[in-house]
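Order of writing sets the labels: A, B, C and D. Residues in every chain begin at 1.
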Amino acid sequence: MLNKTGETQHEKRGARYLLGMMSRKAWIWAYIAAGATYIATLMVVSSSGGAGALLYAAFTFASFAVIVGVGQMFVVTLGPGNVDLSIPASMTLAATLSLKFMATDGALVVPGLAIAIGVGLGCGLFNFSLIMLLRIPPIIATLSSSFLFQSLAIWSNRGLRIKPPEVLADFSTGGTFGIPNAAWVALLVSVLAWCVLEKAIAGRWILATGQNKRAARLGGVPVNAVRFGVYVSCAVLAGVAGFMLASFSGGANLNMGTEYMLMSIAVVVIGGSSIAGGNSNVPGIWAAALFMFLIVSMLNSYGLGAGVRLMLTGLIIVSVVVLASKRGRRV
Amino acid sequence: DTSEKKIALSNNYAGNSWRQAMLESWGKVAYMAIEDGHVAAADAFTTSENQATEQAAQIQNMILQGYDAIVVNAASPTAINGAVKEACDAGITVVSFDGIVTEPCAWRIAVDFKQMGRDQVKYLAERYPEGGNLLEIRGLAGVFVDDEISAGIHEEVANTDFKIVGSVHGDWAQDVAQKAVAGILPSLPEIKAVVTQGGDGYGAAQAFAAADRPTPTIVMGNRRDELDWWKEQKDENGYETTSLSIAPGVSTLAFWVAQQVLDGNEVPKDLTVPFLRVDQDTLEEILAETPVGSVANVEYSLDDAKSLIESAK
Amino acid sequence: MSRDHLRILLPVLSLAILLAAVFYMQPRAMSYFGLNLLFNLAVPVVLATIAQMMILMVNDIDLSIGTFVSFCACITATFVQTDPVVGYAILFGAILVYAAMGAIIYARGLPAIVVTLGMSFFWSGMAVLVLPSPGGSAPDWLRALMTAKTPFLPVAIIAPIVIAAIMHYFVKRSALGVLLRGVGGNEQAIERSGWSVMGLKAFAYGVAALFCVLSGMALVGLATSADANIALRYTLLSIAGVILGGGEFTGGRVSPVGAVIGALTLTLAASFLSFLHLSPDWQIGAQGAILIIVLAVRLVFTRREALI
Amino acid sequence: MIGTQKVPIITLADVGVSFGAVKALNDVELTILPGECVGVVGHNGAGKSTLVNVINGRLSSTRGDVSYDGEQSAADFRNALLARNAGIRSVFQELSLCPNLTVLENYRIPYRNMPRRAWRRNAASAVRASLDAVFPGNAIDPYSVVDDLPIADRQMVEIAIAFSRRDIDARLVILDEPTSSLDGAIADQLLAYIKKFCADGGAIIFISHMMGEIFDVASRIVVMKDGFITQDNDARHFTRDGLVDAMGHVVPDTAEVTGAKRRQEFGPEVLRMENGLNARQGEVVGLAGLAGHGQAEALAQCFLDRTSDWSASRDPAVVFVAGDRSRDGVMPLWSIMRNLSLQTLVEFSRTFLVDRKAERKVADEWHRKIGIKTDDLENPILSLSGGNQQKVLFSRALASSAPIVVMDDPMRGVDVGTKKEVYRMIRAEAEKGRTFLWYSTETDEILECDRVFVFRDSEIAAELQGDQITEENMLRASFEMQEAGQ
């Protein structure tokens, strides 16, 4: 793989240290970008408490992106071609079924959550069996299953919007210690994910499988268990995110997760994970999720039209990625 | 006599409660019409994604299947014109509603979306003659309906003392709207009212509540949860607003119009249906009729269609 | 050799079976008119699939094809119609941007999926700027071309055959095609032989963009007008088409003929479903199911890997 | 003879190359004349591959001058072009064919100005001709896709392409460990061709860890050590032992290398496969035969049957040492340490977390034991030379406590010194009751085994024991069947 060629980087030691460190931690750029957009938005914030409110909102909405982003990150880490496109459908299905079950009854919150998780589990299992048993490429497998999940959601509830139980709505829209509850949940999820990737053996296995599945298998990694775990946990996280989002926004919609398909991929890659697999990080997902929220807020606040807004979003994403890239060729 | 005729519904999207209610209304009227021997078949088709290309292909398939009339809720007013033209050329009656098509050979049951935008502002101008700041929640960029409603709003605002201080795209999705509003709120001065495109009102209310800002007058879009919230506020503090949207049952109207065309009746190409409006007084009444989680609805009968056609002549 | 043939056999078979099923259910489809209706909207899909294939061939993936085709369609329905010189200049410029994107992706070692994801926002924004609301109209010649009444076979059949033949020659037979596939197979080997991988990638992206432009134009020719969201689903459709046609995500293993057939199969699958008269609840799910079934058949054909 | 007054094809003057802090080459002076066959030897990481890359212009030297055909090159970045024009071609240590292309398409890639007309037919005949010339009697179809070929065939294709006819004739062919995946018979064909090539006025740089091959073909031998050329002399001035001493190897601080006595007593049978392959506890079982006859498959099967896709055991039944590094072994994005500890993560941890202390300890231990040439185990694995990467894979498996070790031609590119050391380690481990299954393309490695299965067409053609294990017997077993097959 390595070419001992081409890149005789005669690095000036020391002077480049900072740059070097930054390029190794690609997510620093995502934080810089998020910070810059935040400050740029503040320029037009009029009300006194606006700065805090904006940050509060950013953390609230970033949380959902983080939860699904973490799941997507694990999937993406599995290597080229691995991506879960069924996240929106899993979110919708989990939210629909669990809200329908709870039927605004506050006593059923826990079983409701269990149902959301269970639905996620089922979706993950289904995805994995398509990938593993039928050996359908993950992109297509998850795309196809998303259609099925969506049909199930339509069939089960015909698009009726059922309110979440009062307690649940209060919890998901509320905050604790000045931080939105949704963000606490996302934080918990990301700390867990970080531990898995950085500390746990399973994390090593995921990373190994992502780099070279065959070599991983020959190196004693139970690759099927790894892939199973990854796809299932991604779907479970999607289920949880759907449950939370529906509770937060006052009910499940058939189109509620739509934007999280691109969003989940975007936060993973802007956050600095190598899409080639085998190298991922959790802090970057937070930065990217905040960034994705703030950029829309910023462009909206500046009163830019949809066309310009989309264009600038694209340009900024590309610039962040270019800036975050290592100099020269990848190995 | 149309008892041998087959009608198809080409629907481009099924992913929200409005569309689900629309399909349900269609299903009901289709069942009844077949029972009563008005038509031989009335099948509904939905594309898997909200895409003009897919819908065009769907219409082409309907041509192949030999339907006599195709009722379309179009993904784009122009992008399926090619397929619509092909259908007309094959002798098929095409009736578009809600999302209408511009192809001249097709019938259009239009809702004046521009008017819908204007009416929102008119209502607000009545309530607040002194004007104030408005927040606009738009739909999906690049889509006809979004452009029309927004144009109506902007046109009317020019005649009043209102000022649109912020505009966000909510993609007609509750969660997206809520998110976009939450993101722009900190940068906005005090908001007098929010103009919407239907279905975003509840999300906007939530976002205002989350940001601890006074709730402005939010124009609603007839969704049950919006009406519920309105009712709640009304009972609590006498909150006043209005709610308007196109009734999903317009699909049934389109069905009858298609049947009338097939029957050989002369039907003008352009028909307009009024939108369904909920006011402070009619709120309770309509709330009682609207199923939980759904949309306020009106279904049309053959006679309704006939009188509409008469009045348009 | 034989493995390559096996690879192409599956797409051919699934297309044949689907076609047979459609003909069985709807004998009317078995005519000049019917074939045209079944397949004419496949032409832009075929072109977009070829574009995706060019990118997959050099080991990248393009998530912006849908928005880019939409953008091209918007330009075609507006500038190309009203002001051809400006219109073509914009399209040409867009091709250059694509080529530059390929070069940057290589030079900076960027993951293509991210850059193209970002660019998809960009193109989408440009399209909205060009056509804030649906409209525009197709240039007459384009409309005439796409609806031409050719003898014996409709345009909808001739076009995919021509595209497949040309691309087969270019990708599988020409010397340049060897290098491009080589980039996908072993970038380093190409570089070691003194070729500019950056140039090759830029070229592949440029060709892909050209096909996107053609796809956008064909689409406008069929639809008579455009909107900013007109082709969004081509992104996933094109990936599915390449894979269905026996292509792989990595390693430069693609087949132009397969890709064309894959695109046709996908289009036909949707038609097949609408002939089944399913309940609206399940129509969407059935699209997924048919994708799964068609791809699952691959199982029979793909060689069990020696390991794992 | 190409020229009468013999202009050097390439001259390196005082060349140095550094990778960051690592000085891979120092003060290298080297001149290569037409007709010479220069053998280059040196321990793993001595700088041989780096030297090759300087000569063929792929790597610009940090210091010093490189001149082609006696002409000084003006700018470094043109070196690759100059090298190509001077007729310099290379076969790299890591295979560099495009696996998705056919053999003849791979020929197209280095041939830049190939005439376009009927190029496929011409390419096929050129490859065919070259394959026939270098490896007479091979049956490789130029139209077959490289991926479908066994690794030995792939290596043959790459070599044949390097010697093939193009617009600029080959004048200097650099072969970096070309025989590492070839079996003896094929390797001999190559050596014969090299001699002929040099006799016709071509020049060769031949890098190998096989002393026999070096002495067989080299007219001049260059010894490298730690980035320096320590000796550069006519081949006649070297003896085998002298050469090994001159190279020096990097495992000096371990106990003396003793060829332990071959044991006669073994434990109970611990392994039996469907095809009859079996092994007893403490035995070193060799798999021999011509390359590509199902040995690797049998080994992989053995490994896969005894491990699970679904769970990892705290005491694994079997571990694997890969030979095809990039395909089967190395995790390219990881550090040396992470690569080394992959197999033993579960074994050394009592929880589900990685025990970093244990990881570091094991890595340090093997770093010392097997002499991995690096100063920091946190360095990326790809910064290691080929042979050193192989050592990491070895350590990965041996660090485990698994009773059976399966080795798929594990010594590819490992230098003589280390090989001796590894033989000793294998012996010592076998002594302790471990069983080894060892596929190798090298006869000397097979001779180290207690029992040998000779493979033919994915079946066992012969089982050799004790004194029966001779090169002659193995060759006979593999060739007898070949004749029978024809």
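Note that in this section contacts are C-beta pairs under 8 Å (C-beta built on N, C-alpha and C of every residue); 3 or more make two chains touch, one makes a residue touch a chain.
Worth saying up front: this structure is predicted, and the values here are computed from it rather than measured.
Among the remaining chains, the Cα-based centre furthest from that of chain C is the centre of D. Remark: chain B and chain D have CA centroids separated by 71 Å (rounded to whole angstrom). One finds 33 Å separating the Cα centroids of chain A and chain B. Chain A and chain D have Cα centroids lying 43 Å from one another.
Each chain gets a centre from the mean of its Cα atoms; for chain A and chain C, those two points are 28 Å apart.
Chain C has residues 127-128, 132, 188, 192, 283-284, 287-288, 307-308 in contact with two or more other chains.
For chain A, the set of residues that touch two or more other chains comprises 1, 3, 6, 147, 150, 154, 158, 214, 217-218, 223, 274, 306-307, 309-310.
Counting partner chains per residue, chain B shows two or more touched chains at residues 14, 48, 141-142.
Taken chain by chain, the contacts fit none of the simple shapes, being neither an open path, a ring, a star, nor a full set of pairwise contacts. The chain pairs satisfying the stated touch condition come to A-B, A-C, A-D, B-C, C-D.
Within the complex, the chain B residues that touch chain A are 14-17, 19-21, 24, 48, 138, 141-142, 166-169, 171-176, 178-180, 182-189, 202-203, 206-207, 209-212, 223-225, 228, 291-294.
Put simply, chain A touches chain C in their complex at residues 1, 3, 6, 80-81, 83, 85, 130, 134-137, 139-141, 143-148, 150-152, 154-155, 158, 213-214, 217-218, 223, 262, 265-266, 269-270, 274-276, 305-318, 321-322, 325-330. Residues of chain A that touch chain B in their complex: 41, 44-47, 49-51, 53-54, 56-58, 60-61, 147, 150, 154, 157-163, 173, 245, 248-251, 253-256, 258-259, 293-294, 296-297, 300-301, 303, 306-307, 309-310.
Residue ranges on chain D touching chain C, taken from their complex, read 58, 80-81, 84, 90, 92, 96-101, 105-106, 108-110, 112, 114, 116, 119-120, 143-145, 148, 297, 300, 304, 309. Looking at the complex, you find that chain C touches chain B at residues 26, 28-29, 34, 37-38, 40-41, 44-45, 127-128, 131-136, 219, 222-234, 267, 270-271, 274-275, 277, 280, 283-284, 287-288.
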